[in-house]
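Notes follow the structure.
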């Protein structure tokens, strides 16, 4: 129990630090007043503008010192109030934007991870059973290639082959299409993310499987007359999943960065595009909100990894 | 080197095969292993880096050389529009005149790719150099001194790692500027944590060993121990990491460029790829504009990854034997 | 493989007459970088139903490879020669597919280290019922009931509870009993136990050996007990085979062996066992030197380099297996225990303090 509380405490500390850094960076390096009011923010001559400036300052607490603003923002954030977007044309709430964009990015990530898992696990089992034979060596070379190609390059190649040349997929995402049509549009971007992920998972799992196959209990299983496939699946797989699970969770974070790229190539209006747009127009409530969401996701993922470990390995439960 | 070939008379690694052959024979019965005698599963030592390593190194050297010598090579100016052909509008496909074809402004893609290499590789190199210098030093110090300092440094690492890297890069470059320096240093900062963790772990594993203890009993002070005993040993796994890290940095720069957020002046591979792919029509009609830099980027990253991986395998085996 | 259908658990199925196991000049070599490792280099023996055979030797003698060769559980770098007949059928070199029907069902193995030999992430019950459901086609509840009975047979307290436990929750001795239960599950005709007690406390060792013997008698099962410890075979086997350097150097019914051992090597093994009634500070007698290189074994007798009774002939000519006083006792030595040359040398050996562990002699000589 103490163990879990410690982990939770560390996670919270982490998130606080992340938010502080981001908040500080945006406020020190950027100019929120400018973002809200535009050029008139600098014009202190005109009395009308001064009134506007003062009103804005009051509303957004810009007259208070930085740490105080951070605490205020933090308080709002945890109660679900992400503030409003800093843009000149109206100030819709940030949460609207998030609510609209987040599901798309989530769908993309979930699809990509599912594909990667379904590709990598059978592949790893197959590779482990054929360890170091020519087919296995060839497959290792393939994984290298899959990892080496950067995701934007892969996206371009896939788009060219499947969307342009073969025409199996549309060229852009249309938000108003029916559900299944939108899912289909996500397939190609999801594959782009899934391919390098699958290669990473496969290599790791294959290595761990080969190591596990050296263990004594595998010999025992064989001596009971269990078939090769059953040995792989029932005896070798489960003990080999530890690193796999860790990398899976960590990779979700990496995939978020990948989603950024992919959303841009395939023109999907998700969180990735939102944050790029927001950074460019220095709309820092949006930036803050998205960074916090992503970091929180990271942290939760890591906690999940620990939970899953204890489920897979009963020895950890005892600890 | 782990001496797996010497027959020992007793159980060492494989207690259930007590014969001299035990250490040479994969312990799995019934699971196929390679038919060449003695060449078992991954457990067998990888003692050579292999010809693939040298091929990769050759490619990297070639690209680096071309990038450095670009101003003096007999290639077209990458920014200058080449004279057009009669009756045909640019972009022109690859051919004898333009090996990689030309882009929409009829600029020579081959020379653009080489000049792009200059920027991309510079960013990659500076980034990993920064990362190794800062991250490596911090990691080593943290691993050696442990205690509160280590906790602090480790915490910094974890925070850095908690940011999705690309987002942080975009954030910093958007807030500051997009010069070569800023981008390189930003990517460098992002590599501090991964490099630092490896340096720290490596230092910890070495600091416990006897030769450090011996050095200390001879009266050596900390700085001397760090520099003379630990550094040479830690540098070895780090060099493998350098190659891998450079690959990551080059890809990261490419990603930034692809989002339109990389260096403003000059071309990089990412920018070239973006140029060829931002419009679907361009991509359809003149795919070489993207594909040429894609192929070069891919081969370079592949070579860096492969060479780094081989190096890591080669050196890791030594560590395991100690 | 023609087997009669199960007549009920615990009773061996094979009904053919004749010896259960016949090894004829069995050789197992491994192809390696250094050359061909002759782990087992020509072993012949016979075993009857319900008999217990002890295979004794140092590390590197080939005893474990021998047991694996009998099972057929070897990596693909192994090359076999000779013959292994199980219940009259040749099984050496049979493809894995066919051997799988034997493994766990007709012949099974108990391994040395029970902690590593049990799947740490699988419940005990499942590890037992796996072979029951595989070979005997039982349904789940039937299999579990049988598993409980098996655990009772090996004297594990609270067997129902154990089914749901994991290996790390049990003590070393109990884990080994579980291994035995797993091996016995389908009522095999032959049980091979490879150093089953080496990783256990001395107090537990005797219990485990008793369990194995008890099951042997109840099920009319044959047991091959592989060990480096002569003490282990003393009370628990009918026949003993001594191995050295991949060869069989002596074989005899247990009583005969202990009463009348012929090979100096066996004698040395005997002497190196510390005895309770030795005076304190008696030097532990050891056999100096190391086991032979199995890629390039020495010419002549393989034990010659380390034998205290060696003469010139031993180094140049390899002694054949010859009969001793009775036909079921064979040995391979030019100057065995009791021969004039042996007695002559023995006096010198005793005087010098080498290899002495008998009371009164050899105290810090």
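Letters A, B and C mark the chains in the order given here, with residues in each chain numbered from 1 onward.
Definition applied: a residue touches a chain if its C-beta (ideal position, glycine included) is under 8 Å from a C-beta of that chain, and two chains touch if they have at least 3 such contacts.
From a predicted model like this one, the values you see are computed outputs, not experimental measurements.
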item	value
Longest centre-to-centre distance from chain A, chain (CA-based)	C
Chain closest to the assembly centre - both centres taken as Cα means	B
Whole-Å separation of chain centres (CA-atom averages), chain A against chain C	57
Mean-CA-position distance for chain B and chain A (Å)	22
Chain centre separation in whole Å, for chain C relative to chain B (CA means)	53
Where chain A touches two or more other chains, by residue	216, 219, 222-223, 228
Residue numbers of chain B (touch at least two other chains)	16, 26-30, 32-33, 39-40
Shared-contact residues (touching 2 or more other chains) in chain C	73, 96, 111, 113
Contact set on chain B toward chain A in their complex	16, 26-34, 39-43, 158-159, 162-167, 170-172, 174-176, 247, 251, 254-255, 258-259, 261, 270, 273-274, 276-277, 280, 283-284, 287, 290-291, 294, 297-298, 301-302, 305-306, 309
Footprint of chain A on chain C - complex, ascending	71, 73, 96, 100-105, 108-109, 111, 113, 116-122, 130-131, 134-135, 166, 168, 179, 182
Chain A - residues contacting chain B, complex	14, 17-18, 21-22, 25-26, 29-30, 129-133, 144-145, 147-153, 156-157, 159-160, 163-165, 171, 207, 210-211, 213-214, 216, 218-219, 222-223, 228, 231, 253-254, 256-257, 260-261, 264-265, 275-276, 279-280, 282, 287, 290-291, 294-295, 298-299
Complex interface listing, chain A residues touching chain C	215-217, 219-228, 235, 238-239, 312-315, 318
